[in-house]
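Okay, so chain A shows up in both of these, paired with chain B first and chain C after.
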Partner chain A sequence: MAMRPSHVIRYVLEQYKSYRVPNVTQSLPSWYTKGTNGSLDSWSRCVHGSVALTQKKAERVPLSSERFPQLKRGEFARVTDGDLQVFERLVASRVLTEPGDIEGHNVDWSGTCRGAGQVLLRPKTTEEVSAILRYCNGRRLAAVPQGGNTGLVGGSVPVFDEVIISMSLMDKIISLDEISGVLVCQAGCVVDKINGALEPHGLMTPHILGSKGSCQIGGNISTNAGGLRMLRYGNLHGNVLGVEAVLANGDVLDCLSTLRKDNTGYDLKQLFIGSEGSLGVVTAASVLCPRIPGAISVALLGCDSFAQVLQTYDAAKKMLQEILSAVEFMDRASMEVVQENLQLTCPLGAHRYYLLVETSGSNAAHDEEKLNSLLGHLMEKGMVDDGTVATEPSKVQSLWALRENVAVALRADGCVYKYDVTVPMSRFYDLVVDTRERVGTDATRVVGYGHLGESDIHLNVTCPKHNEDVFDALEPWVYDWVAKCKGSVSAEHGMGILKRDYLYHSNTGPVVLLMKQLKGLMDPKGILNPYKIFPD
Partner chain B sequence: MAMRPSHVIRYVLEQYKSYRVPNVTQSLPSWYTKGTNGSLDSWSRCVHGSVALTQKKAERVPLSSERFPQLKRGEFARVTDGDLQVFERLVASRVLTEPGDIEGHNVDWSGTCRGAGQVLLRPKTTEEVSAILRYCNGRRLAAVPQGGNTGLVGGSVPVFDEVIISMSLMDKIISLDEISGVLVCQAGCVVDKINGALEPHGLMTPHILGSKGSCQIGGNISTNAGGLRMLRYGNLHGNVLGVEAVLANGDVLDCLSTLRKDNTGYDLKQLFIGSEGSLGVVTAASVLCPRIPGAISVALLGCDSFAQVLQTYDAAKKMLQEILSAVEFMDRASMEVVQENLQLTCPLGAHRYYLLVETSGSNAAHDEEKLNSLLGHLMEKGMVDDGTVATEPSKVQSLWALRENVAVALRADGCVYKYDVTVPMSRFYDLVVDTRERVGTDATRVVGYGHLGESDIHLNVTCPKHNEDVFDALEPWVYDWVAKCKGSVSAEHGMGILKRDYLYHSNTGPVVLLMKQLKGLMDPKGILNPYKIFPD
Partner chain C sequence: MWPIFDYGRFVSIISSSDVYGVVWMRSLAQLHKMANLRVLVGVKRVIDYAVKIRVKPDNSGVVTDGVKHSMNPFCEIAMEEAVRLKEKKLAKEIIAVSCGPAQAQETIRTALAMGADRGIHVEVTGKSIDGDNNQTGQMTAALLDWPQATFASEVTKENDHLKVVREIDGGLETVKVTLPAVITADLRLNEPRYATLPNIMKAKKKKIAKHKAADFGVDLTPTLEVVGVEDPPVRQAGQKVESTEELVAKLKDSGVV
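Then we have the complex of A and B:
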């Protein structure tokens, strides 16, 4: 095994910033904006802040009401001119009704779901959100809250003609307590903007996501986004200290505590973490922010058996402990796709599996010593077959780029079927093996990559264009497979519209019943983000 | 400033075990069992596993129904002979009705609350808990679930004649996945027992509590216990991956996921974390367990101004980052009480404030270097006036003993009024100063200590015996003070019966309204742990 030389450099904030993973809207490679990818060829950040397709491209996406003919519009009122006049009064000149302004907000990031919303409201304050919902509830008008619109299950766009409430103008940082590390901000703050405000104080958000240039903290909370460093910093249920939310009836629920300990009655803020805007609209949040690490190192390791992968993960946890910040997984097909479609270079030879192990700590020399000690152990025990280490920012970035660009590279194959699921670690790769066998040569590629540390596998299957046979082979088979091994059919992003039929795959009857009762209690008219989460 | 020499020793598991903080029932000093402390003079671990007073001593505690005459018994049925026959059928020979068997379970740990329960049930399985609650709900019999009975707000004992459901026999470890670190166990497992099962695998619970020798994981979850290492490992909302709970109507809610990521519908398990058994009885849990650190160091520092305390905390966070595991605070009066009442020795001279800073890491030499670097910085900048470092287990233990024995030492003064609240860090010590001024010479001591890292202050006031003037000066004044600075009237333990009148001090009207609606939804007959949490 050849270990590459490594350099130890203490990151300064600017460097840390520069190495962060590419933004989905800002760093798409040139082929991506030149039409290689069918309907997804010209994403742009729309003027209203969310990720959105241009009107022309959006119109090519089939309407969800046509794609899912079994869906019936709920018994909601339709927006009238009278309603528009009221909205004008409530949010002044921030009522959009021109198709050119709205169409991008009707379509989700992946170009899979398209609603037919005819009005988009852009509140700036909690009071405005409250007034909007109070009115909508009284009139029985359905509404969908929309953050950065970067979700992958169609959760943030209308299905029929729901009123779209864009949170993008609610982007104020409210306060930052440097000593406690607690930030309070409005829900529409983009994660990159938050980190921009935190960096001068040596702090960062506890979650870092691929879509951080567009996704908003309110959307992150509503989908319980985990991201790339959850292994180290934990989930939002632990890191969100407070939430302000507006209920369907317009009542403002102020659970915006900034305290790490507060056990006074039920912890209602938890209800809004991961409930996809269906129990209330998150308008502000307080978040516990960790310090930006002083040093970051990355090792890319090649293994030729999955047993080695698990042994390596176990050894990394044991030997790196407090400095371990990510253990990412790629199979050979994932590595090939970034090499073939994006011409990225892998510093290792061909292996069945690759692991990217990241450390973050306060002392570069200490971290390097720990990492080298781990690598020595792995080599000695034959747990890895090859490896390279990077501590210099540009090299760290280039190793991360291999992992982070898999999703982008796959799109160049044409059509991508994506499954983001959690399975027990012992079954982590079996899903890919079984899928490959099932779809056979009909697919261009079947790849598996993801967050090994959280047992979260991204199963992706590509074809030159949509292939009904492949799709039928995949669904519901993949979800059945996951349910059989007691996995979760949604590791990230929630259920939205695309996964709602599989809610019972990961939940028992009594659990779903209580979820529905909770929905009925908090939104009795069902106006908040209807058609999502629950099967009919 | 004189820095004491330090030794670097890598902890072995046995050593780590031995240094842990003393158990409340096992390490009470001899004077404690000899009657110095009024009605609390003869605690014993009762045969049924919970902490409980002997019958004779329990009977000296006034009945809650007499102490709080404004409380009216709810419209619940009373247990009949027919009910007892049914219970006998449901849990066989595990129905206790002899006063001698029950009385200890009617009184809480602090000897403040005493119910008049006449039957205690000891289920062994979730199915038995389900059968009990289904029957109680049908008959409208009120019930109180009881874990280790170590709470401080009277939450785990009856108020009137509620049926006591002791969880102590539900103490099975169900599974442990060493690679993912996920443990699944029944709710009645004592934390020490869990750690005993984890230790051979190099793992530990994410929360360590003073009462770990008696408290049960189900009770920890029901009160969202934080403990001593929350600064490092986060709270139970983040670390509990799954909960199995039985609802008031007997339905079993299986949210016992072992996955770190699972976003399939509402995260219902969060409802049971911190809801004090009032929404359902937790019967099992899965917990993400961190690795036992390889090395532990502790520094005890003396500061003469509170500004220095905050500067030191800030510097410790910045320079120790990933290895910082606790920052505990004591004022001079706290240090004096362990010296005077327990004859413990403080290695530092007299200072206004003391900080105990603990590091845990995987490499003792690295940690020592980081800690020494911090100490050099603190000395150079004049942030601390004196300090000592310990890395040898026995010395680490003796420094921790100073902090951990404050609560025990205070009891020797006679009567202790205890307030565990969270306040903004900038006001952390103001509460103690203002309280001292308010109670004047009527009190023996007014001390402040606690978890600085979580801004959780333990305000304790002692008198030779109960003093109505002191008590009247303290309540509700302390809670008003906390509410005014937007703190939490309950940092730990929840509201129970003792704090329920202050629920609105830390929550707005709409928040409490939704809590009540949730209670009404999940327990429409109100049989689960009635009279707790909510004011009338």
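Then we have the complex of A and C:
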């Protein structure tokens, strides 16, 4: 009998506890238990798939309406039985009202924001979304559009009893033009599945992020998600060629162009990219998809001083140039959290800082030569203390998993306070150091990781459960720190409800005024995702 | 794939083209201390396990052109065990051997970066992927007339023999084998290390001896012909039924009952 099948059987049986293998103290290695859905970098060691918390877990999260007592419910109507009947007519049999079905959609991924939505609607077509919004606008019912519910600022869940419009069933791919690389799809397509469909054609999405197993393209667009390869492929403002959105009054705005160049008037689609569902519900998009690189290599490097980190980044840019596709940063604390909470293995010993450098190109030999000469140079000049490099897809995925799963690993600590800020590169790590000093031993851990290439650091502070002292020490101090060096209080996560009070930290008064005027123009009754983005 | 342990002087068909057959000197061996173990580790270049396998349109095999290859994960486990033996000073030399096309040298380089001292590449042309046959270790032991311990999940050296814990269907079996012996690695034997930069740099200078199968007078004419390779059948969607009556009716309709 071949070696592997018997172990598959044993593993499966072990999982179902109907068979005990005696004296086996070691668990199966991580590489054996993971599968692949065919996409080149689709694998994530810990499944980010099941986002919805169980009802019991959800009930432990305090309601946002209680957590933010100063928040007043807007002048919206409440859902009545008559409304439910209308919804049944519009979205036949896809109206959910059972608490067990809805609770997961009322709580965000990080388990900190919980709404009291009573109705979940699951449209399948743009026409259904249009009908829903036209009705809600007429009745003055507030609505929250929801994609994969992986947002980190509480922007995808209700605050009070808003109607939840889930885009999950709008997951069709409409068309793909292989030559131009333009994909047109509905907003509910999960990024991982999109990549699975693109892979046989040699294409991939221009953006990728750790939540790819759950996040949907509509949500990514609505939040202008950055991700792990923005350094190379740019952000969604450049890669999204067209958007179809439904406005608050139910009108369908068709800007679903597939043209690379189209300077005919105002570029309205840009309004929907990053406006977090507050100006319209994105129902379809056309995205420019780059080719899957023929050769991907990843190097994980260990440095013991931040000066070394900056020198390494500089050398990587100079010596890799056009093949450099990602430079990600992790500190020792973030490597420790994936090792402790998810049992992932770090190939290097303990270093103060880790850099993950990825190259993508069309010619493996050419890329390896450049990468090897960079690595030789880094070792020679003492810019790194240790490192490892991988070119095989399985090892590339394992190394990426260390960076992609930090957020998942942190969640296991209990309560996570997340800050995603852009700061000047020379001060990239200073915020983490200062925070550690300020918070002291009250917090379980203070970690810093992020996109070094864009100077975007994710500062995370964890506690076993919500700690008012720690929270008060952090906010607004972190945002004030960032504002002082003219950074962004939210590099890519958006404002949602958790950061709305700090909008003015990174925007002037006149700027915010014009934003509000636009909102007033496009959504006069304010029914789309209320209570988000703007402070009261 | 399999490490071979040799206690004492080991002259084999592989290391010298002049000598045919295996010679070992037991008496001399017994005088040597433990650190004279030499370990031969077979490593194979296979399609990377993260890649989606596609069957060729003519069903003659799987697509290997342009597909990413890497060292078989079980070979990595075997390499790791050999390196650990060397670190424990139980082995003095690790030799990585691979039979395959020219690109197999990359796999040997990876083995060298993990800690092998030198490599041997026997060039064998033609298609080769991991067929999951689980024969090589056992055949080698039979040809050499050495004892074998397969599916090893733990290997410890005790005096002049090895104690090996094997993974079998009923649980675990512990066997003792005298040296030299053939061991095949199982999943739980260890977790292989990544090659770190200093070792990768060092590996560039280590030697890989190149040979052809003809050098050893080995005839590679296949005695086995692969007639066809197919995808597994597509899983049919299940159907939900509301009651037992409906279930029975559906089973009858489909002719199953």
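As a working rule, the second predicted complex is superposed on the first by the 476 of 536 C-alpha atoms of A that agree within 3 Å, B and C clash if a C-alpha of one lies under 4 Å from a C-alpha of the other, contacts with A are read in each partner's own complex, and residues count from 1 in each chain.
The rule we apply is simple: a contact is a pair of C-beta atoms (placed from the backbone, for glycine too) under 8 Å apart; a residue touches a chain by one contact, two chains touch by 3 or more.
Fair warning: this is a prediction, and the values are worked out from it, not measured in the lab.
When both complexes are overlaid on chain A, the residue A:T388 reaches chain C alone and has no touch with chain B. Applying the stated contact rule after C-alpha superposition, one finds that A:G376 touches chain C and leaves chain B untouched.
Of the two partner chains, chain C is the only one touched by A:Q397; chain B is not.
Contacts of A:I173 after superposition on the shared chain: neither chain B nor chain C is touched. One of chain B and chain C touches more residues of chain A, and that partner is B. Contacts of A:M515 after superposition on the shared chain: chain B is touched, whereas chain C is not. Looking at the shared chain after the overlay, A:A197 reaches neither chain B nor chain C. For the contact definition in use here, the residues of chain A common to its chain B contact set and its chain C contact set are 294.
Residues 1-7, 10, 21-24, 26, 28-29, 31-32, 36, 38, 43, 199, 294, 345, 347-348, 375-376, 379, 384, 386-397 of chain A are the ones that touch chain C when the two sit in their complex. Of all residues in chain C, only 48-52, 66, 68-71, 73-74, 132-134, 151, 153, 167, 169, 171-172, 184, 186-188, 191, 193-198, 200-201 touch chain A in the complex they form.
Looking at the complex, you find that chain B touches chain A at residues 177-181, 202, 223-224, 226, 230, 234-235, 237-239, 247, 251-255, 257-268, 270-271, 273-275, 279, 291, 293-294, 310, 313-314, 317-323, 360-363, 366, 369-370, 422, 424-425, 451, 453-456, 486-495, 499, 502-503, 505-508, 510-512, 514-515, 517-518, 521-522, 533-534.
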